[in-house]
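Just so it is clear, A, B and C label the chains in written order, and each chain counts residues from 1 on its own.
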Amino acid sequence: MIQPAWATPDELVVLALALPPLAVVAAALTRGRALALLGFVAAAPTALLGILPPPTGTVVEAEWLLLGARFGIDEHTAPFALLTGTLWAAASLAGAGYFDTRASRRIAPWWLLSLAGSVGLVFALDALTYFLCFAVMSLAAYGLVVQRGDLEAFRAGRVYMVFVVIGELALFSGLALAVTHPLVAATLVLVGFGIKAGVLGLHVWLPLAHAAAPAPASAVLSGAMLKAGLLGWLRFVDAGAPWTPDAGLLLIVLGLAGAYGGALCGITQDRPKTVLAYSSISQMGIAIAAFGMLLTGVVPDATAAAAVALFAVHHAFAKASLFIGVGAVERAHGKARAACIAMMAVPALALIGVPLSSGALAKGAIKAVAAGLPEPWAEAVGWALPGAAIGTSLLMLRLLDTLPLPPSGRCPPALWLPAVALAAAGVTLVVAAPGVQALPTLASAALAVAPLLIALLLRGLWRALRRLGVAPFVVPPGDLVVALELLVTVPRRLWASGVWSRPASVAPEPGPCVWPPARLERVFAGPAAGAILTLTLLAVFGAALLLSGVL
Amino acid sequence: MTGLEAMLPLWIVLTSLLCGVVIFFLPEERAGLRTAINLFGATFKLLLVLVMLAGVEDGQRYAFEVPVVAGLVFALRADALSMLFLTLSAVLWLLTTVYAVGYLEHSQGRSRFFGFFSLCVSATAGVSMAGNLFTLLLFYEVLTLVTFPLVVHRGTPESVAAGRIYLAYTLGGGAAVLLATAWLHALLGPVDFFERGLPALRTLPEPVLIGAFWLLIAGFGVKAALIPLHGWLPRSMVAPAPVSALLHAVAVVKAGAFAIARVIYDLYGIEFAEFLGVLKPLAVIAGMTIVYGSARALSQSELKPRLAWSTVSQVSYIALGIATFGPVASVGGIAHLVHQGLMKITLFFCVGNLAERLGIHRVDQLAGCGRRMPWTMGAFTLAALGMIGVPPFAGFVSKWYLATGALAVGEAWVIGVILASTILNAMYFLPLLHAAWFLEPPEPSTPESAEAPAMLLGPPLVTAALALAAGLFAATSLSPLSWAEAITAEEYGP
Amino acid sequence: MGTTAETLLAHLPIAIIVIPLAGAVACFVLPRAARALMAVLGIAGTVASGWLAADVLEHGARGYVVGGWAPPLGIALHADGLAAALVALTAVLMTVCGSLARPRRSGDAFFTSWLFAWAALAVVFLSDDAFNVYVGLELLGIASVALVASPGTRPALHAALRYLAAGLTGSLLYLLGAALLYASEGTLSFAGLEDAGGAPAAAALAFMTVGLLLKCAVFPLHGWLPGAHGCAPAPASAVLSGVVVKSGIYLIWRLWSDTLFGVPADAAANLLGALGVGALLWGAAMAWRAERLKIVIAYSTVSQLGYLVMAVPLLRTAGVEALAGVMLLAAAHAFAKAGCFLAAGAVLARRRSDRLETLAGLVSQMPIAAFALGVGTVSLVGLPPSGGFAGKWLLIQASFAVHAWWWAAVFIAGSLLSAAVLIRALAPAFEAAPADCASRAERAGASEWTALAIALGALALGPLAGPWTSLVTEGSIP
């Protein structure tokens, strides 16, 4: 690493951490103008630290923060810093072209707060601080999801928030239980970060949120935020505990199921961002499976972690590029639009995993790790991964379908530039990554391209079926969320119908008291009664006193 | 220590008492003079409290005692726990006075209001510094009496009805405390508060001790809004906003919770209470209150009742923390005394601002008010997130300590309570925030901001900032958390 | 100088009786100067009583023999702590309330009756033998009836007649009892009767007790009180509720715990206690139903007298501690009730009606009167830091000390009952005035300020409980 002479590693980390909160304050003071600039400046140092990381073991202690915070560099920081910083910087720039002034000012606080959380967690070394940054990031992202302000966005936001809260609670309990109930704690931590990572079953918020959020926001959502879940797993799941191999196998299954399931749901979608969202689910499924392989412990942790990180970086660049590209296509017209669509082919192919792409690199690393699994697993994974590539190919083709056809017009450079840059970055990765693979043989090249060809075939089949009148199956975006929402709305309707609520009641006015009756008091006041009472009392007292003397 | 300094506890109580008496006799029109006396009194009291705080930090012990009759001694004493509550109430009194002056600018009966306001703070100071059970009872009942006119201040039939219910509950509670106090007195003589529990108490037979304990908890639990004694709190929302703010953040409910803490720590002693087996049932009651209060808050369509039920729920965190026999959980509970006070008072200030400036009383009227009153809603957002327990706000710190502390002593069910309550909190706060920031306001907003004037805006901003700082800087030695740790260390011993 | 003071001091007991007595005659003879005489003599009497109390506190009980004729022929006065305290209480209340009295016609005998009542009370409290007490009771009865009848309205006259009937019956019964005692023991002096026992003494105790119950309106013989106290002018109600009814109770205390202590009367004492509980409950129930403020306050007196009677069994068993408590209650009640009646009188005078539903807006229009009512309520309910609380505390301690814990429960329940009743009556005062009425505070008159001052006296008895208790227990019932 090349260390600048003017700063120690600690100071660099502090700089990277301090800039985002300062950007938030600056945004409050400038009322949200210059969002792109602020975002870029805030995220750039992190990206630089990702490219030129300080040595592992650099630690910045902040005992005064919360309950004592530790920031620094560990073995996972560099790739995630790279992807987080770059994505946020690029997306901020894209925002300059995508948002108008009013939208920019509205979204500024949420954007920068989310950025702050996202950057913070990359460097957070202890669980509570990570939790803090994770919470800030997730909660602020709500503002990004509902930015459009229509009913669909609000629904997406609601679902998103429900899952954020569930995730936060799972993490809170997981962290609290860590000492006394390790197994339960580990499960909760897996669930908590898994929600963010898009594990199958916990993924239902993803499609809705991505569809509703504006394109630059979806880029960071898919690119950086999902990876925060992965990073949390890498850092805080104890890989040495007795149950981790079984957990790992479970994650492999879930991941691969997600890879296929995401693809299946995605190809039926109509909107480009939803398709991309399902693609994210699918790709993250592979990453989840890779993490599962790490947990099984068959390969040294460093190798497996490196594979996961590599895949994360690859996916981040590719997906962000695609999302920003979609944004560019929205805003562009005519030849520019066509150019954008063409440019999006690069990251798409990377995702599919054609030879010499970052995808191939990443998938190769994962295949290497998978080779170490016990027997039935290794073979299953060996077959499953290319199948997933078919799914990805179908998704990319579907994406092409859903993009609007170009009428005439122009596209603001702020939009297509970042997309191109990210795509290029993906290519650069291939070249610059350590351990660059040798030029592929013809056979392996053919194998790598095969999924795309098979996908083209399948697509042709599909179209033919539709022309023949066979109705396609349609999955609503969010798939399971529809069922979940039913679970909520039915009781709510019951509640609102007033079955359980009581009208707010004011204590009743004290009415005229009817007991004891007034007649009784007149009894006491009357002379006759008075005389009788007097004599009675005399008798009673006399008896009491006399008898107690006698007895 | 000079004689004057030794009487510092008495001076602190008398400051607001004298202010109150003077204000009573001011004519209604002398608003400027009244405000000046109010602010002067509040500031002076805060100064005295800080002086005493510095003294207690140094290790000085302040005590003021005067015998009354037949073995009854009126005793004021300043230790770490009393300083926590006292400082909180002094700071918040100053802020609430500023707020109240702004809020009630055009109201009737301000002399009466501010007179009783000052007396209320005087009584709270007395509760915090009570050195024996009799003095605690004395100020506890006085607190009831002087807060009643504040609750019924508006004079509407609902206010008066709410006031009567308030008196019914609190006088009943006071009777329970009186019975227990007289009982213990008859058996033991003077019932002083002693660090880690009064030794003479342990000589009494167990049924007596347990009976007295539950009487005291029932009596103090009325003000601390433990179920089923909480009924007065939501109804007393008809009081003006400064009253709700002070009563529900500082004075009344905290006095109840504080008194419970005193009883468990300095009368029975935490270890002895555990030995008697009374802590677990109390923790269960507190847990049920937490969940029940949050659940009822969901169904409220008006803002202030929603916050009232939220108070019912949140104050029981304190009781839960105290009743869990473990230092970490106790730290969480005691720290929450301060944290909840700061957050809840912010919420009430903001809701008061909304009602005052925009006429918003109900949840469904909140649409877009974040654009029209950004600073107010900003403070509201900070406080609401704190109540939910989002880091780095103060509420998160308390919940974390409660959860880990309870787990450390094997009470895993507490985490379930905290989780349920957090979910419910999120369910009734997040929609408010969403409506405020992301929905369009009903009419087009006027060009000039509808933001509240400085006197109404300053206090919530200060308290919101304090709530944020209490969490963000919780690990420093100035935070309420460190203070709570010091208190707990004394109580649990080496 | 020292000997002059000594001589004055020695004659204080008789002076305390003679001053108001002479004043009463003077007021009758010179009705125009009645108010001035009242003021002057009031101050003189208060000073004398205060001096006596201070002296008793320091030096112990003091006796006095009228004209040097020793008993059994002569009249002996005995001023122990209890008597001195009650005398001082009487003097203060009589003076303060008397200064507020505005009799209907300047020529009538209001002040005469007032001062006669004062003298009679002094006689009752200071006398050392049963016959003297009878004389005092008779004088007191007649004077009180005159005070009740002074407004001259039809209801007032009715109530006064009823009071008279009850009073005379009570005196008659008392006389019967005294006669029995004289027949069996041969003496009527309290000192000599201390060991009296046997059937005649028991019967005498029964007669005297029932007579006194009738005179001081203890349930169930309370029927005359609400009418009388409700219809009398406010200052008169104040002292009637404050001290006049205490005279009978004082005698009951004396008889049951001191003088006729030889009579085995534990069961009957508990019966008395039961009557006290009945008074408490009945008074509360009727006050709940009342529609006028003064009636509520009158029934509250019925209730509070219940406490004083309930203390008799405790006095017998717990002794000094119970005495301290019950005297604190009595004094606090006297002040609080006087304050409440004066405030209610002011309300009635200003607003022409004291019906509960018309009380709305009182707190903003007549804040001083409302505050006086509030402070009085605090003491009546027994909330700290008032004297009522101190009294109840001591009584509860006494009951725990003799393992009679049920009395403690009754005292606390009684507090809650009084609270419920008084809050129900006074809560409407906090409501905002109806829109058509002004809600500015009106200037408070002398009666309102006096009411407040007296009510604050009840509040002050809490912190001052120590000195008061020492005075009361000085040289009295062991």
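What we mean here is this: a contact is a pair of C-beta atoms (placed from the backbone, for glycine too) under 8 Å apart; a residue touches a chain by one contact, two chains touch by 3 or more.
Not measured: the values here are computed from a predicted model.
**Student:** Give me the ID of the chain with the smallest distance between its Cα centroid and the all-protein Cα centroid.
**Tutor:** Going by the distance between chain centres and the overall C-alpha centre, it is B.
**Student:** Which chain's C-alpha centroid is most distant from that of subunit A?
**Tutor:** Farthest chain from subunit A, going by C-alpha centroids: C.
**Student:** Using the average of all C-alpha atoms in each chain as its centre, how far is it in Å between subunit A and subunit C?
**Tutor:** 79
**Student:** Starting from the mean Cα coordinates of subunit B and subunit C, work out the distance between those two points in Å.
**Tutor:** Comparing mean C-alpha positions, subunit C is 43 Å from subunit B.
**Student:** Measure off the straight-line distance from the CA centroid of subunit A to the CA centroid of subunit B, and report it in whole Å.
**Tutor:** 38
**Student:** Of all residues in subunit C, which are in touch with two or more distinct other chains?
**Tutor:** 424
**Student:** Would you pick out the residues of subunit B that each touch at least 2 other chains?
**Tutor:** Only 157, 164 qualify.
**Student:** Check each residue of subunit A and list the ones that touch at least two other chains.
**Tutor:** In subunit A, no residue touches at least two other chains, as defined above.
**Student:** So in the complex, the part of subunit A that touches subunit C is made up of which residues?
**Tutor:** 510, 512-513, 515-516, 518, 521, 524-527, 529-531, 533-534, 537-538, 540-542, 544-546, 548-550
**Student:** How about subunit C: which of its residues touch subunit B in the complex?
**Tutor:** Residues of subunit C touching subunit B: 321, 324, 361, 363-364, 367, 378, 381, 383-385, 389-390, 393-394, 396-397, 400-401, 408-409, 412-413, 415-416, 419-420, 423-424, 427-428, 430-433, 439-441, 462-463, 465-466, 469.
**Student:** So in the complex, which bits of subunit C are touching subunit A?
**Tutor:** 162, 165-166, 169, 173, 197-199, 202-203, 205-207, 209-210, 213-214, 220-224, 226-227, 263-268, 271, 285-286, 288-289, 424
**Student:** Which residues of subunit B touch subunit A in the complex?
**Tutor:** Contact set of subunit B toward subunit A: 157-158, 161-162, 164-165, 235, 299, 305, 385, 389-392, 397, 399-400, 403-404, 407-408, 410, 412, 415, 419, 422-423, 426, 430, 434, 437-438, 440, 471-476.
**Student:** For subunit A, which residues count as touching subunit B in their complex?
**Tutor:** Answer in residue numbers: 63-68, 128, 131-132, 135-136, 139, 143, 146, 149, 154, 157, 161, 165, 168-169, 172-173, 176-177, 179-181, 495, 500-501, 504, 506-507, 509.
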